[in-house]
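Two complexes come next, and they have one chain in common, chain A, joined by chain B in the first and chain C in the second.
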Partner chain A sequence: MNDNSFYQVYFNCKLETKEEVHNFISNIVCQNNSSIKEEIVNQLIRREEAGSTLIAEHVMLPHIESDHVKKSQIIFIRLAKPIVTWDYQIEDICLLIVLLLKRNESEEIKKKISLFTRTLADEEYLNRLLNSKERYNFEQEIITI
Partner chain B sequence: MSSKDNREQKLLLFLSKNQDYVKSENLTEILNVSQKTVYRLIKKINDEHEEGSLILSEKGRGYKLDYEKFISYQKINKKYKENHFSPSERRERIMEELLLYSPKPINIYRLFNKYYVGDSVIFNDEQVMGEELKKYDLTLERKNKTLVILGEEFNIRKAIKDIIEIFNIIDIDDLKKNKELNFNKYDVLFILDQLRNIEEYLDITIPYPYNVNIFSHLYILLSRSRKTPASNFTDEIAKDEIQNMKNDSILYQVAKVIVSNIEKYLNSDLPDMEIYFLYQYLVSSRMQGSFVQTTSLSSEVIQVTKVYIEEMSIKLGIDIEKQSIFIDLANHIKPMLNRLEHKIRIRNNLLSEIKTTYEEIFVDVTNVSKVVSEQFNLPTINDDENGFITLYFAKIIETSQHQRPIKTLIMCTTGIGTSDLLKVKVSKKFPELEIVDVIATRNMQMIKEKHSDVELILSTVHMEDKMPNHYLLVSALFTLEDQKRLQKKIEEIYLER
Partner chain C sequence: MNIVGIAACTVGIAHTYIAQEKLENAAKKAGHEIAIETQGTIGTENELTAEQIADAHVVILAIDVKISNRERFEGKRIIEVPTEVAVKSPNKLIEKVEKIFEQSNQEREGK
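Our next item is the complex of A and B:
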């Protein structure tokens, strides 16, 4: 974790439905403008309709590119309790890794994000993230990327 | 091998190639015999097999090999049958003894005593053995009720190696434990040690069958040296050959060290010729490791390799990516040319299997070998060698390396989310795909402009528009189901080409 604000960790989040997660993400993007928030939520929903972002059991990778994102970020949302029913197909979600991409982001940042996503192909790594019960351990895993 | 044995072998090989039942009509065609003969043949094989039927049959479906039994059957079949010798086995054993004692004569009575045969049989055996030995430029002479084989030491060793069948079936890893092979245990351990020394000095590994070849050479060297004093060797080696060897300082040193180890072990001096003999085996062996890369390939090796690749690519009608096979094949050709020059023969135990499994490739390789022999003025390249070369080309076909990679594009909404992840997963599992780019769906236009040659698009998002290319929607999970569908798609694309 070279750049602290690039990665953000929300540990033990008490979110219980897909809608709550979407709202939570839109709140990170923008805190006070409800129309922007709505747009972000819609974008997330549309992305999911186009194709599932489930990348491994219990792990989702929602990602959007938007003008409203002021700074590209990677956000880890570790849920306090799994969301048993995400939608009619997807069950038992424990971890969300959210990619927020600023529109027309620099190549350098895009590369950085892209490098990170590739590490997610490593199932062992995902398992370690999933099994880190303590915030400290969880953050250590991210630091060592 | 009689034609009957041959048929059995052929039948078993053919069945072993087919996983499912084979109709008896197919078998009659393959073996070129009547249905009744096929039936009898199968009955005979099954009757002789003690642990139940080796070949299963089912009405309307045909015949099938019980594969597990087949494998264990092959093992049993290799075991030596004691106390019963066919005429050819008898001759082999007598020849073995004569060769090991050459140039000392052996009393005929002593030689044939245990086989209980009469004079006419002995006379006949002499004729047959004499013919056989001619192949090695050796002569069988009869003097005062004794027999003796005369000729150059190098040829005698060659004959020993070919005739003593045991050298062709040993497995180096098996040697230490296998009690059925009648080897001197101390010699075996000593030689295995020397093999390891060679590998250590050169920082290489010597793969099968070359390790067996060197092992046999050293084992024969030990047996010969004990039975015959070195002064009896009549071989002369040309001065420039010796000079060539001395110029190759690395291998020469190794040969020297090993021969000196053997001298200590035997507690007697060996002639310098032994260094030369061993050196020839080393140069003629394929080695794997760092030492190999530093030794350069001669222009002859490069030319011969090129001819093989070019001719085979025409005959097989495929594009062979030169880089993919060149180094590998050249590293095989280099010692092969040496073997041809020095008449060192390596038995190819897989030959009959290679011939049936890769029949066409084998025939093609044999033809190219003829061309190579003529063009480069080389001795005839024998079937054992052709079999080895066949495997290099079979490998290309099997791994479908001859297919150029499928240019693939990966897409998702942003071009850096799930698509990037998918890229890693796909390239790990499907090396035949060349992933040219990862793009965002809104950049669809790019496909036409920048990637007009893309053959396949993988996407994690559903596309509304009709795709110009092959298109497959997969999940970011890249599940087994996804992989199966992709495999199917790849086959479709190969078919269309």
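Our next item is the complex of A and C:
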């Protein structure tokens, strides 16, 4: 995978709960301001309340559009160990693909992200990501647009 | 069967486009014609034509939000589901659409 900051990979991430994942994402958006971090976490929670972001077995797609996102990004979080209980309905999460969309993002970037999300409809692709045990292989599998 | 539909989710960047892909793939696999319009953060893409709507036997609305121009489907057989249904179980959804279509045809023939 090219060194392209639009795509970020966190491999073998030691996150054990939904809350830890949300905090991790909020830290990516903003490291210093606790009220912004809280807002990001609340946005992620509200999105999940509106409808599950589980897109395939073991794979979740948390996503938000926010004024606090300075640069739109696609972030892959491959967990070191599955999160056995995400909530009362969802279990055994191994991979999170996070979409961070900057408010009033350009048409070009939005189109790029929408083309990327279409690729996630392919379950074989997701399975290849899930089955990649090494960081290098995982990054090689990622389809960049 | 001719199917048209709309996919639209809350943020308009994720489920909208996965739902479109999955519905199109599932319907084509089952031997149907399908066209799905997306109403996402980019705006409307793959906009349905009046002809496509007129020829459609069923309309699938995979939506989490209010959509634009819903009145185009007035008088059509509409199946409305949240986007997550189209994302998680597209094949089952198409099977359900087939059953509804068959049932309503039988009812019509029985009249």
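Criterion: the second predicted complex is superposed on the first by the 139 of 145 C-alpha atoms of A that agree within 3 Å, B and C clash if a C-alpha of one lies under 4 Å from a C-alpha of the other, contacts with A are read in each partner's own complex, and residues count from 1 in each chain.
Following the convention adopted for this analysis, contacts are C-beta pairs under 8 Å (C-beta built on N, C-alpha and C of every residue); 3 or more make two chains touch, one makes a residue touch a chain.
It should be emphasised that the depicted structure is a prediction, and the values quoted were computed from it without experimental measurement.
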Quiz item: A:A121 contacts which: chain B (first), chain C (second), both, neither?
Solution: both
Exercise. May I ask you to decide whether A:E107 touches chain B, chain C, both, or neither, giving the answer as first, second, both or neither?
Key: second
Quiz item: Just which bits of chain A does chain B share with chain C as contact spots?
Solution: 47, 50-56, 61, 63-65, 99, 101, 110, 113-114, 117-118, 120-121
Quiz item: Which of the residues in chain A come into contact with chain C in the complex?
Solution: 47, 50-56, 61, 63-65, 99, 101, 105, 107, 110-111, 113-114, 117-118, 120-122
Quiz prompt | Contact footprint of chain A on chain C as seen in their complex | solution = 9-11, 13-18, 20-22, 25, 38, 40-42, 64, 82-84, 87-88
Exercise. Name, in rising order, each residue of chain B that touches chain A in their complex.
Key: 412-414, 416-418, 420-421, 423-425, 428, 438, 440, 459-462, 473, 475-477
Self-check item: chain B partner contacts - residues on chain A that touch it in the complex
Solution: 47, 49-56, 61, 63-65, 99, 101, 110, 113-114, 117-118, 120-121
